[in-house]
Amino acid sequence: MESLSKLWLSTGLANFELGQVIMMLVGCGLLYLAIARSFEPLLLLPMGFGAILTNIPVAGLSEVGGLLHYIYYAGIDTGIFPLLIFMGVGAMTDFGALIANPKMLLLGAAAQFGIFATLFGAIALNFIPGIEFTLKDASAIAIIGGADGPTAIFLASKLAPELLGAIAVAAYSYMALVPIIQPPIMRALTTVEERKIEMAQLRHVTKVEKVIFPLGLVLMAILFLPAAAPLVGMFCLGNLMKESGVVDRLSSTAQNELINIVTIFLGLGVGSKLSADAFLNVETLGILALGAVAFSIGTASGVLMAKGMNKFSKAPINPLIGAAGVSAVPMAARVSNKIGLEANPHNFLLMHAMGPNVAGVIGSAVAAGILLALVG
Amino acid sequence: MESLSKLWLSTGLANFELGQVIMMLVGCGLLYLAIARSFEPLLLLPMGFGAILTNIPVAGLSEVGGLLHYIYYAGIDTGIFPLLIFMGVGAMTDFGALIANPKMLLLGAAAQFGIFATLFGAIALNFIPGIEFTLKDASAIAIIGGADGPTAIFLASKLAPELLGAIAVAAYSYMALVPIIQPPIMRALTTVEERKIEMAQLRHVTKVEKVIFPLGLVLMAILFLPAAAPLVGMFCLGNLMKESGVVDRLSSTAQNELINIVTIFLGLGVGSKLSADAFLNVETLGILALGAVAFSIGTASGVLMAKGMNKFSKAPINPLIGAAGVSAVPMAARVSNKIGLEANPHNFLLMHAMGPNVAGVIGSAVAAGILLALVG
Amino acid sequence: MESLSKLWLSTGLANFELGQVIMMLVGCGLLYLAIARSFEPLLLLPMGFGAILTNIPVAGLSEVGGLLHYIYYAGIDTGIFPLLIFMGVGAMTDFGALIANPKMLLLGAAAQFGIFATLFGAIALNFIPGIEFTLKDASAIAIIGGADGPTAIFLASKLAPELLGAIAVAAYSYMALVPIIQPPIMRALTTVEERKIEMAQLRHVTKVEKVIFPLGLVLMAILFLPAAAPLVGMFCLGNLMKESGVVDRLSSTAQNELINIVTIFLGLGVGSKLSADAFLNVETLGILALGAVAFSIGTASGVLMAKGMNKFSKAPINPLIGAAGVSAVPMAARVSNKIGLEANPHNFLLMHAMGPNVAGVIGSAVAAGILLALVG
Amino acid sequence: MNNMQQEFLEAGTLMLVGMVVVFAFLGLLILFVNLVLAKLAVRFPDPVAPSRAPSNKKNNKKADDGTASPAIVAAISGAVNRYRAQHGQSSASADNSLPQNKN
Amino acid sequence: MNNMQQEFLEAGTLMLVGMVVVFAFLGLLILFVNLVLAKLAVRFPDPVAPSRAPSNKKNNKKADDGTASPAIVAAISGAVNRYRAQHGQSSASADNSLPQNKN
Amino acid sequence: MNNMQQEFLEAGTLMLVGMVVVFAFLGLLILFVNLVLAKLAVRFPDPVAPSRAPSNKKNNKKADDGTASPAIVAAISGAVNRYRAQHGQSSASADNSLPQNKN
């Protein structure tokens, strides 16, 4: 009898709180998006599952001694996991299109206006009762506009760990929604004629250029923005491993097994921050709203910058590729390509959009560095 | 001269204790079983080697600063390694046969009687002078009957870390001995006619079923047995990664590189607990004896349950597949298949035995949860 | 205005110290050697990059909370990374050539004279003002003569962590320079007639021999030199995993993904010790000079030993293979083969040189054990 | 001895409670499969080839195109093996050409 | 409300400084590519095939030898697939035969 | 200077003791190979092909079946290469079909 009552008291049924149930439903929602809708499944699947596990009553998976506790403090609180992912992403990135047409960097810069405008917006939300974002909070939220998951998680873990869960959910959800968010903005800001513009074929890029580029990039981060050095540095290490061609086995491991292992843990660790008290509040709604704004502003800034550049450039520039400047590699570039093909069936923009696309990765890492230096 | 004497004093020869020598022989015995007899080599080889390394005098590999010390405390004391292995095993498991014939779950339940009967037996052993098992010890020993390595290590690390070495050795040895322990019991409890029974072909299982099954399983663990949630949860995460089909690269890494890395470390870490004072005592003999009893009772319970079900079921059930309920995937299922073929050369039971086999994994994780909730 | 000045104060430009700039150039030098000259790129590329990252002002990558700090203290200070690499190297090593002709072990022993003579030389350098090596320092420096990266890093992390950076740079640089350092010494110490000597084909080695060899080796380390047991033990574990043939998936992971992951981290962690105050001093010059001496003496000792053995042996021994006794697997064996082919186009020494080559690995692990036992 | 009896009682209770809970848990799982999954199977059938018996998905994927005879397979596989032994790298570089998802 | 204004001012400054620095940084990177890399490209051209458009290096490496027709490729690939399905280990053991670098 | 002499003495002793122990250790290993392993080699010969010279086990395993000519190998390997370039996934999914051992 005593055993049965002890067992009953140890069940989830006897200990559930409403918040936990809701957060488990949120976790199920993320799993649904990941599995049924293929929204960034590599991160949303483990993240959704982590959200379920962390909200199990009694089990204490995120308390001292629990698996998710160890994962979070070993890998996310320290910043190690996002940096290793960034190394792997670097080893997967080809800067060729950007080196062939470096002006595309301006598009990657313009799209970061999404970040800084959102920062302003986050502070404006303080007018709403129940929301009180500090500058650190606002900075961590604004980085969602960078459309770069590891950068957002890295910055949030440094500036606003208590908002980490909501920020990661927003960042990855909107990255998955890029094909839905971007096209109307792109169509609204461009004429059909502009969307039809075909761009000149890219010049050949030599191996030496590709090897020196990551070194130059990290050197600039060192000189001008050391706060961005961990992110930019690990990214460039991965890229150098790939392009140097002398450590193929390391490069292959960095972009396959290592990034896979870290991705599982990163997802679980981020999911472990999706507890009811951290997520179920007005601030989360604010973050979700701001994230959508950030993406939209970033997309618009990129497109408008490209329109402007097209006016002054000798070589024609299709404004659609400006939208790829928000990063969200390679989804945003594919969206540019698709909208371009709609207007002109012979207009293959994919390679051209890869330039602003990877420039956007650099741009948001730089923006993160600025925020760390000035607000952190 | 001084150097030579210092060097002599640092040799193993000058520092050996008898217990260390014996434990090294135990380690060599495990290596022999692994290499020459192919007994669960993936774990017994690193475990045997770890046993040798941990008993080296002077070297202090399991003391503060030693490699095995770090491995044990980072991965086994925390429970991380068995949970990661469970995730990988989940990613290798196909629940199709179980979903097609869910009654098989009853066989997986019945076979757990091996666990709880052994718990009773362990307490009974306290009559023997020199043996004094607490309820926690008895629970950790009894789980050997679950025939599931990671579950046994996980539970032992929580309930009786000082018995971990002996429990792991017993669990993996008996799992390897399944083809020797089970057949006589199976033959004794069944008639030739029963062994000849052919079973109906399994129905097709859809992808959606396979995706929802791990979610339903983890939900039930959450509702009724949160203490089992870490084990069941990681198992279901692995299975969901596999069945969802959207994160193949994560699933592949979980069931290959990650599980391989963790297996090496788990084996070494478990081996590091095979020190003379923890292993060379009457209690170890008791554990080895109880382990054999646990396996036998589990096998018998499964077979008897299947006999009973066959009486009342419309579709015929071959009692041999009940033995697969102890888990020991996929060895026990293969044994059922082999004994079935002996009686009837057209009787292919393998797929049918996979149902109780994976049900046994769930059953022993549930049993572990009950023991954690009531005794832990 | 305030923001801009705060940003300026956070730039590298405003905070650079000369030493950091120089160390970054050293890092670039290592990258150049790795990429353009293919000098041990697997370690020198991450090491060079780590040297750049650790010297970034403000960023604090090697201070508490920085990525390189975690990597160093988790993996190198504990000795875990070099030991895991040693396990992987063991899983890549074939002792067949050595078992077929065990006298080759004497060549691997003779070449270790490079280590002990250098130890003497390091103490002699104390005559130079500004250099003050303790016996521990001298031992850690001398191990460079072992021509084995992980052994050198393991010993340096135990005996002289403040010299680790310089020792690792010297060890890997000279290992890469083996094809330049060794040939003149080999030619000077041998006659053309000696270099033309062809050796008898090696006997067949059975699987059982290959499986028992690592066990015998680790047993001898246990009996006579427990201080060498971590290194020798992990090496033999890797080799046993390979030769046993029963854990191919573990062996494959140990020699591929696991060693790749650890190599990236080991390189970064070692690079993080290349700070200006630890590297830019007279002692580093001394270490670089001693390293070259160690390699040369080791090569000469091996060749002379082989000459001597050729005099007394029934089967002819080509003295060139003595040079392979310094280890530097498989580069030194290839050098022996190449010089042999110069003298006699039908003289294929590669397989014969693999014997002393792997003997050199054992020899330097033994030497490291002796130094740990007597000096550590 | 009293203590011993106490322990036996506890162990017996554990045995009873444990077996009941195990059967209850796995029994509920049967209900879940029969009630929930069976309905899902009807509502969301697999898009193609619903008649195929449950088996390893990957093997199916590989086995279903082409019908080369075992003899041809043996000949080619020998050649492929030898090719691989000579060009060990190829399988590793194929790994690199996996679709590279950005995380 | 004064506090609010203060925060707005800070956020506005951040926005301004941030965008200026982002443009400055990426602008300098343009200069780096145009001045440094462009020169390097001239001084150190790729050893072979400079006319080929930038594309995936690995695919090139694989596609450039042999000229078997698609039909033959399909036939062989079917056989290879089936061979692999039966001998699942082969690809793993090919990994083992990678050139084994000593670290 | 006395201290210096002391250190030299220590270093010299280390050198002597070290070389003696290294030679003793590796010398004993020679005995081990000659006495123990040689006997084992006689008692437990390899099951097949004892005449083969020591070489890489894996290459043997791959090279010993089939006798396709180099020309055929070249033709097939070209086709295989091209097939792989087009179906980059195949090698990864082959990995998945490894026999899945339960740990």
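As written, the chains take the letters A, B, C, D, E and F, and residue 1 is the first residue of each chain.
We adopt the following convention: a contact is a pair of C-beta atoms (placed from the backbone, for glycine too) under 8 Å apart; a residue touches a chain by one contact, two chains touch by 3 or more.
Protein names from UniProt, one per chain: A, B, C = Oxaloacetate decarboxylase beta chain; D, E, F = Probable oxaloacetate decarboxylase gamma chain.
Owing to the predicted nature of the structure, the values given are computational and were not obtained by experimental measurement.
Minimum number of contact steps separating chain A from chain D: 1. With steps allowed only between chains in touch, the distance from chain C over to chain F comes to 1. At the interface between chain A and chain B, two copies of one sequence, fewer than half of the residue numbers in use are shared by both copies.
Look at where the CA atoms of chain C average out and do the same for chain E: the two points lie 32 Å apart. Centre-to-centre separation between chain C and chain D, using Cα means, comes to 44 Å.
Within chain F, contacts with two or more other chains are made by residues 14, 17, 21, 56, 58-59, 62, 76-77, 80-81, 84-85, 90-92, 95-98, 101. Shared contact sites, meaning residues of chain B that touch two or more other chains, fall at 3, 7, 42, 224-225, 249, 252, 256-257, 263, 370, 374. The part of chain E that touches chain A in the complex is made up of residues 4, 7-8, 10-12, 14-15, 17-19, 21-30, 32-34, 36-37, 40-41, 44-46, 50-54, 56, 98, 101.
Contact residues on chain B toward chain A in their complex (touch as defined above): 78-80, 83, 87, 211, 215, 218, 222-227, 229-230, 233-234, 237, 240-241, 244, 246-247, 249-250, 252-254, 257-258, 370, 373-374.
The part of chain B that touches chain D in the complex is made up of residues 94, 96-100, 102-103, 105-106, 108-110, 112-113, 115-117, 119-120, 122-124, 126-127, 135, 138-139, 201-202, 204-209, 212-213, 216-217, 220, 224-225, 249, 351, 359, 362-363, 366-367, 370-371, 374-375.
Partner chain B is touched in their complex by these residues of chain A: 3, 6-7, 10-13, 15, 24, 28, 31, 34-35, 38, 41-42, 45-46, 49, 52-53, 56-59, 61, 65-67, 70, 256-257, 260-261, 263-264, 268. Only residues 13-14, 17, 21, 92, 95-96, 98, 100-103 of chain F touch chain B when the two sit together in their complex.
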